[in-house]
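In order of appearance the chains are A, B and C, and numbering begins at 1 in each one.
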Amino acid sequence: MAIFDDELIKLKEKILEMGALVENSIKDSIKSLIEKDNELAKEVIQRDHIVNAFDVEIDEECIRLIAQRQPKAGDLRFIVTAMKIINDMERMGDLAANIAERALELNKEPNIKPYIDIPRMRDIAHGMTRDALDAFVNKDKRLAMDVIMRDDEIDDLKHAVISELLYLMLEDPNIICRAMRITFIAQYLERFADHATNIAEMVIYLVEGKIIRHTTMPE
Amino acid sequence: MEDIRRRIRYNKFWNYIFMIAGLTATFVGLFLLAVLFIDLFIDGSERLTYKFLTSFPSRFPAEAGILSAWVGSFLLLFVTALSAIPLGVAAGIYLEEYAQKNWLTNIIEINIANLAGVPSIVYGLLALGLFVYFFEFGESILTGGLTLALLILPMVIMATREAIRAIPNSMREASYALGATKWQTVHWHIFPYSLGGILTGIIIGLSRAIGETAPIITVGALTFIAFLPTPPITSEFPFISFKWLMDPFTVMPIQMFNWVSRPQVEFQINAAAAGIILMIMTLIMNGIAIHIRYKFRKKIKW
Amino acid sequence: MVNENKKAEVKNLNFYYGSNLTLKNVNLSIIEKKVTALIGPSGCGKTTFLRCFNRMHDLYPHNRYEGEIILLPENVNIISSAIDPIEVRMRISMVFQKPNPFPKTIFENVAYGMRVRGINNKSILYETVEKSLRSAALWDEVKDRIDKPAFDLSGGQQQRLCIARALATTPEILLFDEPTSALDPIATSKIEELIVELKNEVTIIIVTHNMQQAARVSEHTAFMYIGEIIEYGKTDRIFTTPSEKLTEDYITGRFG
């Protein structure tokens, strides 16, 4: 029915709005750390409330569509995908807020060292998110698979950051608090990227009808 | 709103006019019928006695009765029924259920309908040539019965076909889907469900036959019969005799016509009395037909 | 997993009404003791296809079959002209779209199939009638009035009576031609429940224009369009990930 098609389009738009918020949050949260911008950090924390509101709103809309439109085939997969990826995005919003909270704490003291790997991790995570959402919009299987591959990169970066910080902590115990906070930020970024990977896996389900979570990729 | 009300008043007015017209037409018909019957009754009721029903005709009006006439009518109807019913019903069933629907069966259907409209005297002529002379049945009850059978055969066939057509096809499909043959379907479903319509058609046919005069005269029914046909039950072996089929006979309408043609007023009264009897017989038969249709319609509602 | 035996195999079935080819090159397997649904827009040939299984087309002129419908396990082609249609109908029963009980008693309706087979023994008839009415989930509602007219029953009950009537002859395949399209939702759901239970006893093929119904009751679904099978497969796959775009469009309501 035409009205159902309209509803699906509106649903997609809302998901993308939520995605944009989350993409911006991860950028802004790291920015607030690097530029020591406490106002920005507070804004990111506030923004998470909006992300959570989107989660609830889109979830309820999906349930209503299931009840009233009895979606089948492609429409069904789309709605199932929608419900799952907003879960991931809600967690991503939380993670960005967590980073902002750590930034507020770290901004009170001088930096241990210049931030190099953290911004790189941010770039990868942000890129994965943007591409996963693009793949969702365009039903682009290749892009989704590409995103899944990049998860390893960010995992490696996280290990590098943590190793380096450990070494620094052993040398100078005074920096331990700051170093721990930066470790957390690295963890949050890595988990952020994991959620982007989940979104990409759901896009594969959307396109092919195959659930590939928890399997190793053959290609 | 006022326009609508005016229009409604206008429509209702014409509704009222038509209702009056219809009622009038109905009552005119009923009224004339009532007048006829009352007139008949006034004229003839004094002669409605047991003696009237059990006496033979005579030159003396007071002595004359309709015994031979109503026995003749009865036996004739008996032969008619026995010949027309099996033949007509079987033909109707065959044409509806067994025959292929092509140009030939269409022509047959049209012709059967035409036969129902052929003037009855033509049947009389046919019967004269065929039964009286060719088969040499003579001027007998058998001939009279077969003649009337020919007359009502188209009606029986058409009534059977209409009754069968009223059966929805879903019944047939249900029967066949359970593995029934055509005969089983006809025997268990088609025939029982159409029985109401068939019986109604038969009785209407018979009630027409009872009043037929022209063909009977043509095949030689006599007008003055002072004897009854040979009784069917005899005292010697084989105890059943068919000789009565070949006996001469008369029927009620002929007896009435005979009396009406005589100058004496008393014979007119006799004729009226016979007319009452004939009407009663017809009304009873039609009443039975209506009752049967009512009973079957209650049982089977499509 | 449960053994999936085939009950019937349709091979290159073509069906002609006069010179019109109304079923084109139909190939399909019917799995034993499962429900196979036939869906598709009006005029796609699903009812025509269904009626091939019990040779209903033989009742009317100008119909012609080509190809085979092989009944297993004996491997006999039931649409061959060498096989008597009556024999086929003795093994394959049908329930129609509009309930069509005979204008007889409930008992006589269910017993008819057996009378046709020459079984007239009262006690056998009573036993079979009760068993069939129980299988059709109707016994409790009518056990006190099986000598009353079938027409007194409600629409849903009449349809269940027709199902009992079809079951009384222990058919190998039971064909349903849009069995609930004339019924209200509650009667419909009772019959769907019944179908889901019945498949333990008999193989079922159901034609339905209601996709939800096909999704609810069947294990396998075939989508037909203009006389051809467009797609055939397990119901859950057809309704989540159909292979053909035409199937997807029909199922999501974009046409038909």
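Quick note on the criterion: contacts are C-beta pairs under 8 Å (C-beta built on N, C-alpha and C of every residue); 3 or more make two chains touch, one makes a residue touch a chain.
Since this is a predicted model, take the numbers as computed values, not measurements.
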Task: Using the contact definition stated above, find the chains touching both chain B and chain C.
output: none
- prompt: Based on the averaged CA atom positions, which chain is farthest from chain B?
  reply: A
- prompt: Which pairing of chains gives the most C-beta pairs in contact?
  reply: B-C
Chain closest to the middle [Cα centroid of all protein chains]: C
Rounded Å distance between chain B and chain C, as computed from the means of their C-alpha atoms: 48
- request: Just give me the whole-number Å value for how far the CA centre of chain A lies from that of chain C.
  value: 52
Message: Measuring centre to centre with CA averages, how many angstrom lie between chain A and chain B?
response: 95
- line: Counting only contacts in the complex, chain C reaches chain B at residues 54, 56, 59, 61, 86-87, 89-90, 93-94, 96, 98, 100-103, 112-113, 115-117, 149, 151, 162, 165-166, 169
- prompt: Can you list the chain C residues touching chain A in their complex?
  reply: 211-212, 215, 237-242, 247-248, 251-253
- prompt: Once bound in the complex, which stretches of chain A touch chain C?
  reply: 1, 4, 70-77, 208-209
Chain C-touching residues of chain B, taken from the complex the two chains share: 100-101, 168, 170-181, 184, 188-189, 193, 299-301
